[in-house]
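As written, the chains take the letters A, B, C and D, and residue 1 is the first residue of each chain.
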Amino acid sequence: MKIGILTSGGDCPGINATIRGVCKTAMNHYKMEVYGIHNGFRGLLDDEIVPLGESSLTGLLSMGGTILGTSREKPFKKHSNTSLAEEKSAAILNTIRKHAFDCIVCIGGNGTQTTAARLADVGVNVISIPKTIDNDVWGTDISFGFDSAVSIATDAIDRLHSTASSHQRVMVIEVMGHKAGWIALYSGMAGGGDIILLPEIPFDIHRIGDAIIGRLKRGKPYSIVVVAEGIPTLNGKKAAQYIAEEIEYETGFETRETVLGYIQRGGNPTAFDRNLATRMGGHAIDLVAQKQFGRMISLKGFDITSVPLSEVAGKVRLVSENHDLIVQGRHMGICFG
Amino acid sequence: MKIGILTSGGDCPGINATIRGVCKTAMNHYKMEVYGIHNGFRGLLDDEIVPLGESSLTGLLSMGGTILGTSREKPFKKHSNTSLAEEKSAAILNTIRKHAFDCIVCIGGNGTQTTAARLADVGVNVISIPKTIDNDVWGTDISFGFDSAVSIATDAIDRLHSTASSHQRVMVIEVMGHKAGWIALYSGMAGGGDIILLPEIPFDIHRIGDAIIGRLKRGKPYSIVVVAEGIPTLNGKKAAQYIAEEIEYETGFETRETVLGYIQRGGNPTAFDRNLATRMGGHAIDLVAQKQFGRMISLKGFDITSVPLSEVAGKVRLVSENHDLIVQGRHMGICFG
Amino acid sequence: MKIGILTSGGDCPGINATIRGVCKTAMNHYKMEVYGIHNGFRGLLDDEIVPLGESSLTGLLSMGGTILGTSREKPFKKHSNTSLAEEKSAAILNTIRKHAFDCIVCIGGNGTQTTAARLADVGVNVISIPKTIDNDVWGTDISFGFDSAVSIATDAIDRLHSTASSHQRVMVIEVMGHKAGWIALYSGMAGGGDIILLPEIPFDIHRIGDAIIGRLKRGKPYSIVVVAEGIPTLNGKKAAQYIAEEIEYETGFETRETVLGYIQRGGNPTAFDRNLATRMGGHAIDLVAQKQFGRMISLKGFDITSVPLSEVAGKVRLVSENHDLIVQGRHMGICFG
Amino acid sequence: MKIGILTSGGDCPGINATIRGVCKTAMNHYKMEVYGIHNGFRGLLDDEIVPLGESSLTGLLSMGGTILGTSREKPFKKHSNTSLAEEKSAAILNTIRKHAFDCIVCIGGNGTQTTAARLADVGVNVISIPKTIDNDVWGTDISFGFDSAVSIATDAIDRLHSTASSHQRVMVIEVMGHKAGWIALYSGMAGGGDIILLPEIPFDIHRIGDAIIGRLKRGKPYSIVVVAEGIPTLNGKKAAQYIAEEIEYETGFETRETVLGYIQRGGNPTAFDRNLATRMGGHAIDLVAQKQFGRMISLKGFDITSVPLSEVAGKVRLVSENHDLIVQGRHMGICFG
């Protein structure tokens, strides 16, 4: 069999480990050929495709980013210009036919899953693998990249404790998460955040102020506030800036903000993410061998399984207010807004 | 309610985070009092017990080791001297009665779970929490400390790749795991080990030699070998030394060994372990509040639950040869012996 | 002898290691008593002073921040209100007399050195120790905190490489340094920055654009730009945002910015900073024992020495355009503006 | 001009950064051609030589090990078989002539410096660069690799503190350093070692026992002992094992040992080492351009300079008992034997 593999959407730690898992399993066990498609779906449009051999895989397990390159190209997106969409669709099918690929393995986040589902709809054999630091792909308990991002954010929060306590300040740190607050929740809890704000849970700035003043009264004249970038703000302000200004207004405490930004996506994956990525890559190829196409690889508990792509497309996995870490955090006195 | 908490057995990253989770949940939500028992069960024998307040908890989330101290005291171990055992049992019950503890929370590994079960047998209200870097406590999918140990071991294996490839050597690294090879399996896979040896899987030194020579033939004149300390050896040799000598004899390759040792147990827990430890600590107190005693906290998939202590005692959780990572690793060409 | 010690100005990794070096040397070797003055010079105004014993020192070597707390209080600053300045001066002298301190050891940055010089002017025995992540204290080759900050910034730049190359983007990262570009220079060179902008070196946005396009032509369609926060911008924009917008305008490349912020100041000091901090702390006490007051501890090459406080006050140590790393960097093709 | 570059002896963090510094400076500024000689001096014997282009340099700054490979081949070593030595010498001169190299840049430790001096003696233009984690090359204040090794060792010692204090144990850690105790001294001081043993300073096991018991009396029932691998022992025992057994015998304390081993040599260099490596690489090429051959690059204070190879060969740089860190450490109560 002959497989094409592509990576699409934002980069995230563990993509290269997945590529390695896919390639080693395919080449070593199933004797398949694997081709790398460059820059996401754009590589299918432009026919930028190269064969991958064992020597391409050296060092991939621990390397951040994606050696295949990525893009945000969504060829099946509804355009005002219908003929363009048809043209792109034809170009992609043409490329796949030309290379005689038996399957396209797509590694990506929510947008990629939707595109992969469309690709399956037009008759291509597709297996997809979820990849996102935000952990918001529907249909899997965890996606690789998330543990690494939480790790980096937790390390950053650890560092802010020094400044917060030495200067008796409120430190606000903004972490990634537009719609879903998974990184804020996990890094906030792991980093010892006193207030944690997620897009999914409405907050009341007075209660936040009360929490900070309550800490002062208990002998803790400093606080750590962890906010997801996607919480609602006023006047188009960024999350950290908005919350810092409001806290300073409410409490009179000197408040400083930090926006963690792109360093959450880069660098070496954690051991956890490397193993998850490796397993997902291998299982994708097991499915290819079994000709079970049109599915996304998924982690359920500790088991790797898969779900139909058609169920995944267009959904987002959000944090529930009843999530164990939130209930537990509230019991411990952490303010979620 | 009034609770005593103790930590017993080898230290491991995340114990202090658990103590914090127990205390914050107990004090803040349930208005319980918590007392710290020093040096494991020895503190119950010697009545070394102090109240824990909020100020004791500062910095605990990220701190390695245990602020309560630990020991390997097993007061209910069958002694040749029966009267000593009875004396110890009486002393412990006496201390618990004196302090009027409603429950003893025991944090520890396999030995501790067995002692905790005995303590429950003599009528004490007990909740236990599994803690081990070895991940070999029966009844829980993962115990905290494991992810941190795997992280440290993976980082060490990453470093050995530099030397292995620069010098065209075989590097053998020995990680912890007397009976169970979990650390070797997870760090070996995450660190890109070429050969991974666990106590649970018999190995054939010729096959290992063949794997190393096979790599040479494919243009990779170096290999990384990850071994658990508990694999069988000859003449009482330590695992790494034995395997290194055998490989050198079999293949003629220059081979070097490293024993990772105690640094696997120490230092800051990973974000994953901090959250697992926090959740387990909190749920222990939920059980206390519900008077569901005689149980060990457990992780099943992503849910925290509990199992009867009587089921746990005396068992060890081993790696199965059908474990997904092993099956997957074999497909990728990794040699498990 | 009886010594008071205070920490003033922004927190920085290694302050606690210095406090430990001061205390251990003073107590163990010279049998002096040491008192901790809280929150910088404010503690001298308010008489917030506690004795320091050996038990206060546990864990300090690797701990970020300052256990003494800090403030930006500058009691000798020229006020419009002269009587307030006189009042503060009197209060401070009163506190020092009351405690019968033979010397005040002041740990701080440029502002602190100036205040320490004023304190010496009014007749107090003072020894000061330079402390700043910015490395801009005049009179010392390096101050502790700098190596840690460079380490953190370099690690962040390493992470951005993944995203830059996977997405074929320009990534701009802003590091600390208002007047002096030391962090930008050292982390930019260590992190493989392609363009490095310091407050000390004027830049031309066209040359920067040319450098980025030159890289594209040589097959590198991505670049890393490291900027100090203090470079000149237009319309009050922050450094990273301004440069990112200008680069996007000049080159048409997708450009993203990251502001590293407070995480550069926090967390564990590097081994280098711990040893520098320890040595500076110890030598401060050697000077106290020799009654050589009115001096700032200094590193010259690899030797610890000292300089008169009167020479230090009011100066800033800037990067010279002839600095070896810049000359070297230019030879390697790095653009400094 | 046309240059050959080789790396010889044990691998160490920063070699690849040096290669990058050499190549970028040579190619970009001086328009020289650079050729990579594989596996140290063996590559000169066997004519394993490839041109290096800009694309070879991607990722080198942060990569551990050496992309050129290394060996311990010493072609000018006095052999019983004189004709072999002459043969090797002829082969090397032949290779150099064949490629018309204007200079050979040799990166290596003490052994390499001696070989480089011999190569200069037979008329070859040579510039050498010191490289060793042990910091024992004579003629330079610091060599790259040392700061990285100290960093790794310090991190390991940090981890042992958890176990030492939780279990009330003595933890002995053995770090690299056969003849010179630089790593033990710097990591021991940075890691908070209580006893630090170097090959250069004779120790008395009774004084060590007294130091440990003295700590117990001051309320610290645990100690950290850092030993260089090269300290004298009895019966051929390894340093850590010998010291641990003696301490247990002297004090009755439970004592555990850890041998850090090869992980000290591997992995990413610190920011400090990357910049030192880069500068040394660049200055080597400056010397080549000036035709100042027969010299080793050297760091003196903060300046890069050079010394005649003939002065360096055959010497070792040891720790003096009057080293500032030792004097300072003794004042603080640390036992050096």
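In this text, contacts are C-beta pairs under 8 Å (C-beta built on N, C-alpha and C of every residue); 3 or more make two chains touch, one makes a residue touch a chain.
Fair warning: this is a prediction, and the values are worked out from it, not measured in the lab.
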| item | value |
| --- | --- |
| Selected pair, out of B-D, C-D or A-B, that shares over half of its residue contact pairs with A-C | B-D |
| Longest centre-to-centre distance from chain D, chain (CA-based) | A |
| Centre distance in Å when chain B and chain D are each reduced to the mean of their C-alpha atoms | 35 |
| Distance between the centres, which are taken as Cα means, of chain D and chain A, whole angstrom | 41 |
| Rounded Å distance, chain A centre to chain B centre (Cα mean) | 30 |
| Overlap residues in chain D, where contacts from two or more other chains coincide | 158 |
| Chain pairs in mutual contact under the definition given at the outset | A-B, A-C, B-D, C-D |
| Touch list for chain B against partner chain A, complex | 21, 24-25, 28-29, 54-55, 61-62, 141, 147, 150-151, 153-154, 158, 186-187, 189-192, 218-219, 268, 270-272, 274-275, 278-279, 282-283, 285, 300-304, 324-325, 328, 330-333 |
| Contacting residues of chain C [partner chain A, same complex] | 7, 10-11, 13, 15, 39, 63-66, 69-71, 152, 155-156, 158-163, 165-168, 171, 256-263, 265-267 |
